[in-house]
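Multiple structures follow.
What follows is subunit A paired twice: with subunit B in the first complex and subunit C in the second.
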Partner chain A sequence: MKEMRKKIEELLKNGEIDVALGYRENPATGEVKADVFRKDETLDDMVFDERCVQNLVNYLPTLVARYKKVGIVLKGCDGRSLVTQLVEHRINKSQIVALGIGCEGVRLDGKEADKCGDCATNMTPIVDYEFGEKKQKKDPVFSKVKEIERMSPAERWKFFADYFARCERCYACRQICPSCYCEICVADQQEPKWIEPSAKLSANTMWHLIRAYHLAGRCADCGECERVCPQEIPMRLLNNALEKAVHELFGVRPGTVPEEVPPLVVLNKEDPDTILEGKNE
Partner chain B sequence: MAKVGVFVCHCGVNIAAKVDVKRVVDALKEMPEVGFAHEYKFMCSSPGQELIRKEIKESKINRVVVAACSPRMHLPTFQKALASQGLNPYLVSMANIREQCSWVTDDPEMATQKAIDLVARQIKRVVHQDPLEDISVPMTKTALVIGGGIAGIQAALDIADGNRKVILVEKSPSIGGRMAQLDETFPTLDCSQCILTPKMVEAAQHPNIEIRVNSEVKKVDGYVGNFEVTVEKKATYVDAQKCIGCGICQEKCPVKTVPDEFNADLNLRAAIAIPFPQAVPAIPIIEPDYCKKLIENKCGVCAKICPAEAINYDDVPMQETVNVGAIVVATGYREMDPAVYTEYGGRKYPDVITGLQFERLVSSTGPTGGELKRPSDGEIPKTVVFVQCVGSRDESKAHAYCSGICCMYTAKHTMIYKHHVPDGQAYVSYIDIRAPGKTYEEFVRRAIEDEGVRYLRGRVAKIRRLQNGQYRVYTEDTLVGRAVHIDADMVVLASAVEPQEDAVGLAQILGIAYDSDGFYTEAHPKLKPIETASAGIFLAGACQGPKDIPASVQQGSAAASKVLSIFARDNLVKSPQIATVDPTACTGCLTCSYVCHYSAIEEKEFGQRQVAEIIPGKCQGCGACVATCKGKAITLAGFSDDEIYEEIVSCK
Partner chain C sequence: MNKWYKMKHADMQKFVSALTEKWEVWVPYRIDGKWEFGIYDTGRDLDFPESVIHVSLKNLFFPKRRPIATYDENSKWSLKPVEPEGKPRIVIGLHPCDVAGIEYMDKVFLQSEHKDVMYASERKRTVLIGMLCSEMADNCHCTDRGLTPDATRGMDAAFARITDGYLLKGLTDKGKQVLRSEYLKKVDEVPDKKDWPAGRYVIASPEEFMEMYDDKIWHEMSDICLTCGICTYACPTCVCFLVTDENFKGKGERVTVWDSCQLQSYSRMAGGHNTRKTPASRVRNRTLDKFAYSHLRYGQISCTGCGRCVMVCPLKRSFPQLGARLTERIKDKKKGKSKSGARSKEA
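Here is the complex of A and B:
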């Protein structure tokens, strides 16, 4: 952490970056939050530890619009998130200095965050300066998805319907997600009105399924949607179910390879091709 | 204000036998959008179309719904009826109450109810349809023919004679294809090469044909009228411009261990070779897997003795992009490897050979110079058994389909055999004799009656090699109901016709469909046998399914006429049903450009940001970008969200 702080100080001082996006500790409360660090300040309260849960990539589009060059502290999951942003032309790499830090896992509600269990990369795949230890990749287990898959369709429907019924349609999940950036969200469209705006089970279900499907093959599993949900709807389960399908079909985990176009939008000859061959596996 | 005219077709009894057409009409009349509803026996007939024309004029309807068959059958018919009255042809919609309704139920009540729902949905939809104008785009009037066999050569010659340029791409070092490997052809027994080589030479000398051998299609972009095709020429290590085709390299090459593909692997040849004497072009290539110079940097004899200094060991594959307006796919077939029939000993017993190997054994350009000697010991085989349907009509082991050509070529083989060995005896083991072509049946009768070939109906169970070098063929004669065995000197397996090894890969590059066997699928089995589902890409020859020479030539000519009819127009008239981007809703993620199969999507500036833009001339209206755009910034004309939404919400 010291090294990284020193590097960021140096980058800010010699003007290689205009601002740095990182985590700041409030010494009074001990709270850690995302914040912007500037040239004229000391970086004593910049931290990186298990409290740094937030995905900083979400703040990048605003910052790159204002500054020429932005430094960003990246955990593995946030780095994957950044990859998807670069592939989708949201951000130009030339405006970014990626400061990767070997993440040891983050904690939520007093225990290790669930997303860390199946972590695809503890180090960001896109990195200009690397700090800390880079760990070997493990194959994902998707144990919670498998649990859901073992349920009967009726049980599964009840499981999700109970959660969907609680949704207030506050759209915190949408706002926090770096990959949810449509100019006009399908949920906001009035003509035709694909999704009823008021919070009721059928419309909520529609919203959650569309949200998850729009993220298929793109979600880097930063887990922010689930973290911010005031009703504690297990949204990562839907994301992970699709991630699992993509991983099984294409052997790909979103965001792990820089510049890799998501498998669902490219046609490769090697793709599993059960439709064209008329076979149904 | 939209005023919809509704026309419900009886289609004779096709629809009316199940659907109570009058009830449908009465129910629809109640809808506020409907200005007029009528029924008629055949809407596609002249009086039926006249009805539409009359009502547009008299009842002042400005939208039309025809409830009849699939729009794939008759939408253009009704579009023309609208256009003739000055109404935009895209203001008609069809409800399919035949294939999707009357044909698929036995219950008249349910059929009638479903018909009402289907038509009502189209009435709701048609109100949201906008008038559209056809798009006119220029095209490249050059054709690409993939495959230089007889079908491809014929297609290329016909297009070239129509005064259009043709690029003929052939994977192997020479054009000619399978037909060049054949000895004589059924049903006339004329020499295959004698009738083929004039066509090969004609193609080579034609000013409108550019032949590219040793080349393969690697990538296809674009659409009918304007394809961009990447062709890769593999490294041949011989400069075709310098080579004079003298053949001295082939003679002097010390490596003589390459299985001779042209002779169906019956002999070994040099590592540098012209594939066969009449090859066009007659330019040798080096086999890099065998050449000593290329493997271990030794030898180099060919370069030393080449009088034209044409050898280039540093040759590399070269890619080039060509622009063409239409593509003919004529990649042909391969013979199935009979190794799966272990009970026949194919590929194990030297004298159990395939049909194609037999062709080479009796051919004057073959490994024995045209003398029929069996491979194991060079003896003249006095008894030969020809086994039909090896891999064909045998779902348990290989293919369910009939290979089509084997009955005829086996009859031919028996005759050629008898001409080579007049005192020999030929047996044929067959399931059925299929000889439906012109003078084909007579040809088979000639083999049986004039040449004394013995046809035994039954499937061979096993072939066993005997101590004396003969082969005991265990079969049956089902016509007399007994098991028989024949001791033969040689056995010829009529191995099945299969798609080329890389057929599926090429189909994926071209974006054309293929069946579960790997043969390319025509757009309609009866009415569009030449077309593929991709506009501007046509099929010729055995790549579509097993075919003999006359059928391949016919299809080659047919494909050429399809190409020429496209090229006969000045411009390409394109459907206006294409996608457009709303730049205010576009986030510029360009995911649409990844899914676009036609390279029709580019980036453009819009205010401070980059957004996607669709090139109208390139867009084929497939809708892939529409489906992939999460922000719904892309609309496909004729399939707008409004139209689809109305259809969905009017479902009961």
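Here is the complex of A and C:
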């Protein structure tokens, strides 16, 4: 961490980056929040530890619009997120300095964050300056998705309907997701009105399913949607189910290989064709 | 006159149960550690929080989703207004900040040019029995917004918790009628007077806020904000709604649904132009609406100091702290200080 702080200070000082996006600790409360670090300040309160849950990539588009060069502190999963943004040409790599740090897992509500269980890489796949230790990771297990898959359709519907009914449609999940960036969201379209704006079960279900499907093969599982949900709806389950499907069909985990084109935007002769072969039943 | 009466805790339970015969009774419940109002089931244990209830009462008077008219194929899609209905109800255990929220909604829906008949009916059928707070929670700052945690203004009746029960007092005719009960004993006791701390989030005057309209600070304030709508839904005085038609197999309803100025779609107009496209402009709108616009329009700022916006914020940002930070900036500007260095750490 010390090395990284020094590096960022140096980069800010000699103008290689205009601002750095990192985690700031409030010494009074011990809370850690995302923040923008500028040239004229000391970086004493910049931290990186298990409290740094938040994905910072979502702030990049706003910052690169305002500054020429932005430094960003990245965990492994946030790095995957950054890759998905670069692959979709939302951000230009030339404006980013990626500062990767070997993540030892993050903690949420007093225990290890759920997403860390299936961690694909503890070091960002795209990196300019590397700090800390890189670790080898195993294949994902998707244990929670498998649990849901064992339920009968009726049980599964009840499980999700109970959660969906609670949704307030504040769209925090959409706002925090780096991959949700449509100019006009499908939920906001008036003509045709795909999803009713009122917070009721039918419309909420539509919203959550469409949100998840739009992220199929793109979601890098940073888990932010679930973390910010004020109603604690387990949205990662839906994303994970689709991630699992993409992993099984194409052997791909989004964002792990910077050069790879996402499987759902290319047509490949070798692609499995389970739907037409009826194997999906 | 207007003396306090005493009731034992066990009697309170019996008293509230008896009320359910004639009234729909709403009391606070603790669900997963969060306090929320719900309809009282006879026999369930009654308890009241010391301070703010997490979910505001707004939904009772101005529901998230409210049908205002129906239509169907047979009547050639002509609109039939929905008649307001509902049995008389009592809300027990709301706090001074909740009442302040209701007072503000009254100004918007009842005392302005267009009277909202649905809101008027919800308001008319409700008796408010407020509870005096015995402490201030982490995010409470009503003392900085012209309230006190033990004020009884706007309540029909009020009560306070004491060691061996409750002290109750009727304030309006409606309230006194409800409190007519055999369980009440005349006593000389009065609730303890406390010195409430103030000065946590002091804010500037509405006029001073208006002068900040073109300041750069809005960009700094919105750098980290998600511009999701949850603070507006939790806020007891955010009353924006949209009107939409919901159709299903040959019939449909025209409904009002909560809307939020923090969402991009809120200010999008026909033709696609959006007057508040940037997060900064939306954050500015909400901040100024709470601290300035509301005062210009209704003569009262619309922040009640309940702190619910802090509780629900996905990023745990403190909106009141932002207001205080803005006030600092206003002061600095007046003193003519240079802008650099005025930027305090992110709230």
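Please note the rule applied: the second predicted complex is superposed on the first by the 272 of 281 C-alpha atoms of A that agree within 3 Å, B and C clash if a C-alpha of one lies under 4 Å from a C-alpha of the other, contacts with A are read in each partner's own complex, and residues count from 1 in each chain.
The criterion applied here is as follows: a residue touches a chain if its C-beta (ideal position, glycine included) is under 8 Å from a C-beta of that chain, and two chains touch if they have at least 3 such contacts.
From a predicted model like this one, the values you see are computed outputs, not experimental measurements.
Novice: Judging by the criteria at the top, classify the pair subunit B and subunit C on subunit A as clash or fit.
Specialist: With subunit A aligned, subunit B clears subunit C, so fit.
Novice: Give one of first, second, both or neither to describe whether A:T62 is in contact with subunit B, with subunit C, with both, or with none.
Specialist: Second partner only, subunit C.
Novice: So if I put the vertex at the Cα centre of subunit A, how wide is the angle out to the Cα centres of subunit B and subunit C? Nearest 10 degrees is fine.
Specialist: Approximately 130 degrees at the subunit A centre.
Novice: Once the structures are superposed on A, label A:P192 by its partner contacts, choosing first (subunit B), second (subunit C), both or neither.
Specialist: first
Novice: So, A:K138: does it touch subunit B (first), subunit C (second), both, or neither?
Specialist: Neither: A:K138 stays clear of subunit B and subunit C.
Novice: For A:K158, is the partner it touches subunit B (first), subunit C (second), both, or none of the two (neither)?
Specialist: Once the two structures are laid over each other on A, A:K158 reaches no partner at all.
Novice: Quick one: is A:R90 in contact with subunit B, with subunit C, with both, or with neither? Answer first, second, both or neither.
Specialist: first
Novice: Which one hits more subunit A residues, subunit B or subunit C?
Specialist: C
Novice: In whole Å, what is the nearest CA distance you get between subunit B and subunit C after the fit?
Specialist: Superposed model gives a least subunit B-subunit C C-alpha distance of 6 Å.
Novice: Check subunit A for residues that touch subunit B in one structure and subunit C in the other, and list them.
Specialist: 184-185
Novice: Using the touch definition from the top, list the residues of subunit A that touch subunit B in their complex.
Specialist: 88-90, 181-186, 189, 191-192, 194, 214, 261-262, 265-267, 269, 273, 276-279
Novice: Under the touch definition given earlier, write down the residues of subunit A that touch subunit C in their complex.
Specialist: 24, 26, 31, 33-36, 40, 45, 54, 59, 62-63, 66, 168-172, 174-176, 184-185, 187-188, 193, 196-200, 227-230
Novice: Contact residues on subunit B for subunit A in the complex?
Specialist: So the residues of subunit B touching subunit A come out as 504-505, 508-509, 513-516, 584-591, 594-595, 597, 610, 628, 630-633, 641-642, 645-646, 649.
Novice: Hey, which residues of subunit C end up touching subunit A in the complex?
Specialist: Contact set of subunit C toward subunit A: 64-65, 219, 223-224, 226-230, 233, 242, 244, 246, 255, 257-260, 263-265, 268, 279, 312, 314-317, 340, 345-346.
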